[in-house]
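Note that subunit A is present in both complexes that follow, paired respectively with subunit B and with subunit C.
Presenting the complex of A and B:
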């Protein structure tokens, strides 16, 4: 079954349309706009659900001349991601309606959230590289607006800038990677489909071969990896994600755990069939496992609930990247299945964190414990999703983590990767131990003694508890019957991202295998180490505090400070306010570029000297040049203006001699006017201005360079003129009478054939006239001092 | 067919104009602009080929209904005509701007103006 263009298009456009209408909706509905958002998200979910089981590409022509189209590609992987985004979006909007109660600028909040949902659906469904990039950057922009929601809070602004800097910067790497990919795809699947990802995925081997033939395989892979790593918060670009927690909690749950940060993972899964190979394995398995371990350790060092969850999110994103990194089909199963599991449990955990912060007024781990009596339903929800995050059997996270262990063990089977074969499983286990530790720490919020310092804890509203409860229920369903999830959607997602097809089965292990042993070791070590959690927590913090350069934040701050300082210094140097500096650089650069252009194309300098110009013309022009020399050496302004006029009138005579009477007439009028204006103006300024000949040698050198460039350009271009009249000149000459009804061809061109250009010219002259009147007539209010007032009155009198 | 004389003249005018553009006196800078735009006009016209003036070569047809004779290129003339008018607007504006600057700051020295920020 192939997808319906109208339905897919509607699902992507609807959120954007709703975002545009939000200011109006908000005026009418106030805080209930959240319910409209939930309805829109639910509608998108419903629309996409009708496409369940379909596969194929549909397209809407966009820029046909460049072969760019708004193509959509629907398959299991795209649908999984789009359904997750719209489904969780529905819950988030409902939750927001309760959570954001009483906040200001909610109109902006809902508009950005809706636009974000449209962008994320766009990324999931787009099959065109350009469209993917545009939607990709749109998600970054929406994220910027939402992180910086508290506009007057310095920390929010800092976090928003940081997220923008990293994710949009990464997006630029992605763009270059896409362009390299499209170069190779043009070879492999034809230039018409150079940007068509769907066509590339039909012939992944041909595209990979074309990439290798051009030597672009590793560059394209690397650039796309940087883009994906920036978006999905992979080490060493993970630092923006914990800072992004300055956003309101529903945003953190939606953008910064369930959807936007998974876009990188999604893309890695999407292009996996094109790039799978030994380079892919080493790059992504290493990147993912490093992120998983480093961020799990940092999560243990966290003091804030949301910070803990943010590091944990980065760590789990690492797990998914590592899964896709392993080239076996088990790797694809890990990535797809964990994406689903993580979206369900982590969004729920953030919402739980939001409830805790909302009802207790604090997010500090140290101040919270024993909340199960105050928040019983929330505690139950947290238990289900928290144990799933830890990977404790039989909760859903266990199955996908088990798949990762299996994939890691088998990593060395397809390619020879040396010692990494042993290192990968070891690191996977090591990182997972910390996952168990921080998951238990999160659950400890609800058990133990209730600290007396904690004030009254309110019961959360039903709308706050319902969304995480729904997610926890779904997590429970996947936990009890993982095969159900596999049959429903995971299998089709795996088919889209795996190189070979394989029927996927997940169940609780019944016999001992290396992966089962690894899981046992992980959980056992985690439980054993938990009593020493505080010591570990303090130890990691002490190391981080002692050596700041370990933290990626330090590098970010140093880089931004260096860029800002360097930019300011460069600006001062280049932009020093002196006209001559700008003129020098502009003219010198233009000349050198033009000359090097001639040199690069090997343009021969015409050596035969044709005189072309008759003696009379030459004589007039020589007089013009002499007049120019006189202008340069003119001692006073009056002398300069008069010699400048001589130059202009000589040019007018040149026009007469060169068969251009219209030009001569215009030139004479203009020259007369210019002379009058000049004389009027120089009457108002000092007659004699000292001719400062400082740096005259340098100026003469630059002038010679510019003159030489003009000389060479005229020689080269007049040499390349077509012989006789050009077709266009003939056309105007022939059509002047029949089409324009005039015998003066130049006039007919100006007022008839190119009438709109002349209109533009008139606008320019009119603008200049209005500006001149403004400059002369309008005066700043200077009546404050008597002297100034008389001054301006005098000048006004003189001007008149 | 190269236009050696025209190339020399355009080159010389460009050099003189550039030299004036780099002066500290704003009025001289305006002169520089004017000279450079004159030179550019000459260059544009040269691209159409210079045909010595005469009754036959002027791009004005003798009357309605007759065949089109070989005339000087009318297209470059139309371009240059536009350029002359625009150049006039620019020169006038730059000049009045300099005048206004002098009124405000009591100086026409570009370096001094630049130092004031």
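Presenting the complex of A and C:
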């Protein structure tokens, strides 16, 4: 069954349309806009559910001349991700309606959240590399708006900037990677499908071979990996995710645990069939396991419940990346199954954290415990999803972690990877021990003695508890009958991301295997180490505090500070506010570029220059030259300007002699105007100022350079002109009357044949006028008149 | 100076208009006519001062020392170049509606009109008028803003 274009398109467009209508909706409905959002998300979920079981590509022509089309590709993997996003979105909107009660600028909040959901559905369903990139960056943009929701909070602003910097920066790497990929795909699947990911996935081997033939395999893989790692918070770019917890909790649950951060994982799964190989294995398995371990350790060091969950999210994303990194089919099973499990239990955990923070007023781990009596339902929910996160059998997280262990053990069987064969399973177990530790720590919120300092804890609203309860129920279903989930969606997701097809089965282990032993060791060590949690916690914190450079935040701050400082210094040098500096750089650069252009193309310089000229022309030109010399030696500004206009008028006369009346007229009138403007501003210029020798030399050299460039350009271009009239000139002369209806060829060319150029010049004139207004009227102080006025004369000069 | 201005300015304006109208067949055109018109205004400014147009010609009261951009005349210049740009683009869009490429031009020859007997109306005239408006508006804006300094 192939998908319906209209339904897929509607599911992607609907959230954007709702986002656009949000300000109006908010005016009419107020805080109930959240329910509209939930309805939109549910509608998207319903629309996409009708496509369940379909597979194939549909497309809508977008930029036909560039072969870019709005293609959608629907298969199990895309549907799994899109259904998760819209389904969890429904719960998040309902939760937001209760959680964000009484907050300000909710209109912006809901609009951004809706736009985000549209973008995430776009990433999931788009089959075109350009469209994927656009939706990808849109999710970063929405995330920026949502993290910076508290606009007056310095910390939120910092976190929002950091997330933007890392994820959008990573997106640029991704774009270059996509371009390299499309270069090779053009060879493999034909230029018409160069951006068509669906076509590439049809022939993964041909694309991989084409990439290797061009030597682009490793660069493309690396660039896409950087993009995915930045988005999915992989080490060493994981630091933005804990900071992003400055966002309201529903946003953290939706964007920064269930969907947006998984986009990187999603893409890794998507392109897996194209790149799977030894490079892929080493890159992603190492990256994923490193992230899993480092972030699990950092989670143990956390003091804030949201920070703990954020590091835990990064750690689990590492698990998924590592799963996809293992090239066996078990790896794909790990990635797909854990993506589903993690989305369910982590979103629920964030919502639980939101309830705890909302009802107790604090998020500090040290101040919270024994909440089971105050929040019994929440405690039950937390128990199910928390144990799933820890990977304790028979909860859902156990099955996917078991798959990871199996894949890690088998990693060495497909490719020869040396010592890594032993290292991967060891690291996987080591990291998982910390996962057990922090999961237990989170559950400790609900057990033990209730601290006396904790004030009155009120019961959460039903709407706050319902969404995490739904997610916990789903987690419980997957835990009890994992085969159900596998049959429903995971198997088709695995088929889309795995290289070979394999029927997937998961169940509780009945006999001892290496993976079962690893699970037992993990859980056993975790339970044994838990009594020493506080010592571990303090120890990791002490190490982090003692050596700041091992924290990624430190590197980010240092990089940003260096960039900002360097930018300011460069700005001061280049942008010093003196017109002469700008003029020097502009003129010198233009001249050098022009001259090097001639040199690069090897234009021959005509050596024989005929000097014959009619006596009248010669006379006019001699006067012009004399005037030019007189400008330099003029005793005052007024005299200089007047002498300069002699030069201009001589050129006008030269035009008349050269039978170009239009040019002459224009030159005459413009010359008059320039003269007047010069005289207007001249009194603002200091009468006389000292000029040091260095500047005289610089000005002289610059003038010589500009003059030489003009001379060479005229010489070369006039020499290159063929003898007699060219075809273009003849065409204009012949067609002016029949086509343009005018005998003045110059004017017919201006308004008719080359009307588009003239239009461009009009825009220049208008822009000049606007910039003059801006420069002069909106200037804060009135001391730089001379610069501005000369600037205006110069701009005018260009418009001629 | 002022006497000369009174005599010269109308002549300049008439010349500018004629340059504009016959630009299609003889030397001239929207750009040059626009610059020439601006020159006429410059002569007025130099001879009578910046506020003359408002006070003397339009008979409005002007508070001295007002920010130049807020002057109604400058606002009018700004409007003029905006209108000119819109006209030029608009005249380019008309052929698009009729199914020709952007900015294609045509002309109609009208016969039997009194005095001229034979008049040619080129659609390029509309575009050229746009050019004229942009040049006059743009240059006068620059001039009066700079001049007010």
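Everything below uses one rule, namely that the second predicted complex is superposed on the first by the 680 of 800 C-alpha atoms of A that agree within 3 Å, B and C clash if a C-alpha of one lies under 4 Å from a C-alpha of the other, contacts with A are read in each partner's own complex, and residues count from 1 in each chain.
Note that in this section a residue touches a chain if its C-beta (ideal position, glycine included) is under 8 Å from a C-beta of that chain, and two chains touch if they have at least 3 such contacts.
Since this is a predicted model, take the numbers as computed values, not measurements.
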Which partner, once the models are overlaid, touches more of subunit A's residues, subunit C or subunit B? B
Does the superposition put A:303 against subunit B (first), subunit C (second), both, or neither? neither
Looking at the overlay, does A:2 come into contact with subunit B only (first), subunit C only (second), both, or neither? neither
First (subunit B), second (subunit C), both or neither touched by A:772: both
Classify the contacts of A:718 with the two partner chains as first (subunit B alone), second (subunit C alone), both, or neither. first
Quick one: is A:676 in contact with subunit B, with subunit C, with both, or with neither? Answer first, second, both or neither. second
A:628 contacts which: subunit B (first), subunit C (second), both, neither? first
Using the touch definition from the top, say if A:617 reaches subunit B (first), subunit C (second), both or neither. first
In the superposed arrangement, which partner chain does A:501 touch: subunit B (first), subunit C (second), both, or neither? neither
Counting only touches as set out at the top, which of subunit B and subunit C does A:763 meet: first, second, both, neither? second
Following superposition on chain A, which residues of subunit A contact subunit B and also contact subunit C? 661-662, 666, 670, 673, 677, 681, 684, 743-744, 746, 750, 758, 765, 768-769, 772, 776, 795
Please give the residue numbers of subunit B that touch subunit A in the complex, ascending. 1-25, 27-29, 31, 34-35, 38-39, 41-43, 45-54, 57-65, 68-75, 77-78, 80-82, 84-93, 95-100, 102-103, 108, 110-111, 113-117
In their shared complex, at which residues does subunit A touch subunit C? 661-662, 665-666, 669-670, 672-673, 676-677, 680-681, 684, 740-744, 746-748, 750-752, 755-756, 758-759, 762-763, 765-766, 768-769, 772-773, 776-777, 782, 785, 788-789, 792, 795-796, 799
Considering the complex alone, what residue numbers of subunit C touch subunit A? 19, 23-32, 35-36, 38-39, 42, 46, 67-69, 78, 81-82, 84-85, 88-89, 92, 102-103, 105-107, 109, 120, 122, 124, 127-128, 130-131, 134-135, 137-139, 141-143, 145-147, 149
Inside the complex, what are the residues of subunit A that reach subunit B? 576-580, 583-584, 587, 606, 608-614, 616-618, 621-622, 624-625, 628-629, 631-632, 637, 640, 644, 647-648, 651, 654-663, 666-667, 670, 673-674, 677-678, 681-682, 684-686, 689, 691-692, 699-700, 702-704, 706-715, 717-719, 721, 725-726, 728-730, 732-734, 736-737, 743-746, 749-750, 754, 757-758, 761, 764-765, 767-769, 771-772, 775-776, 795
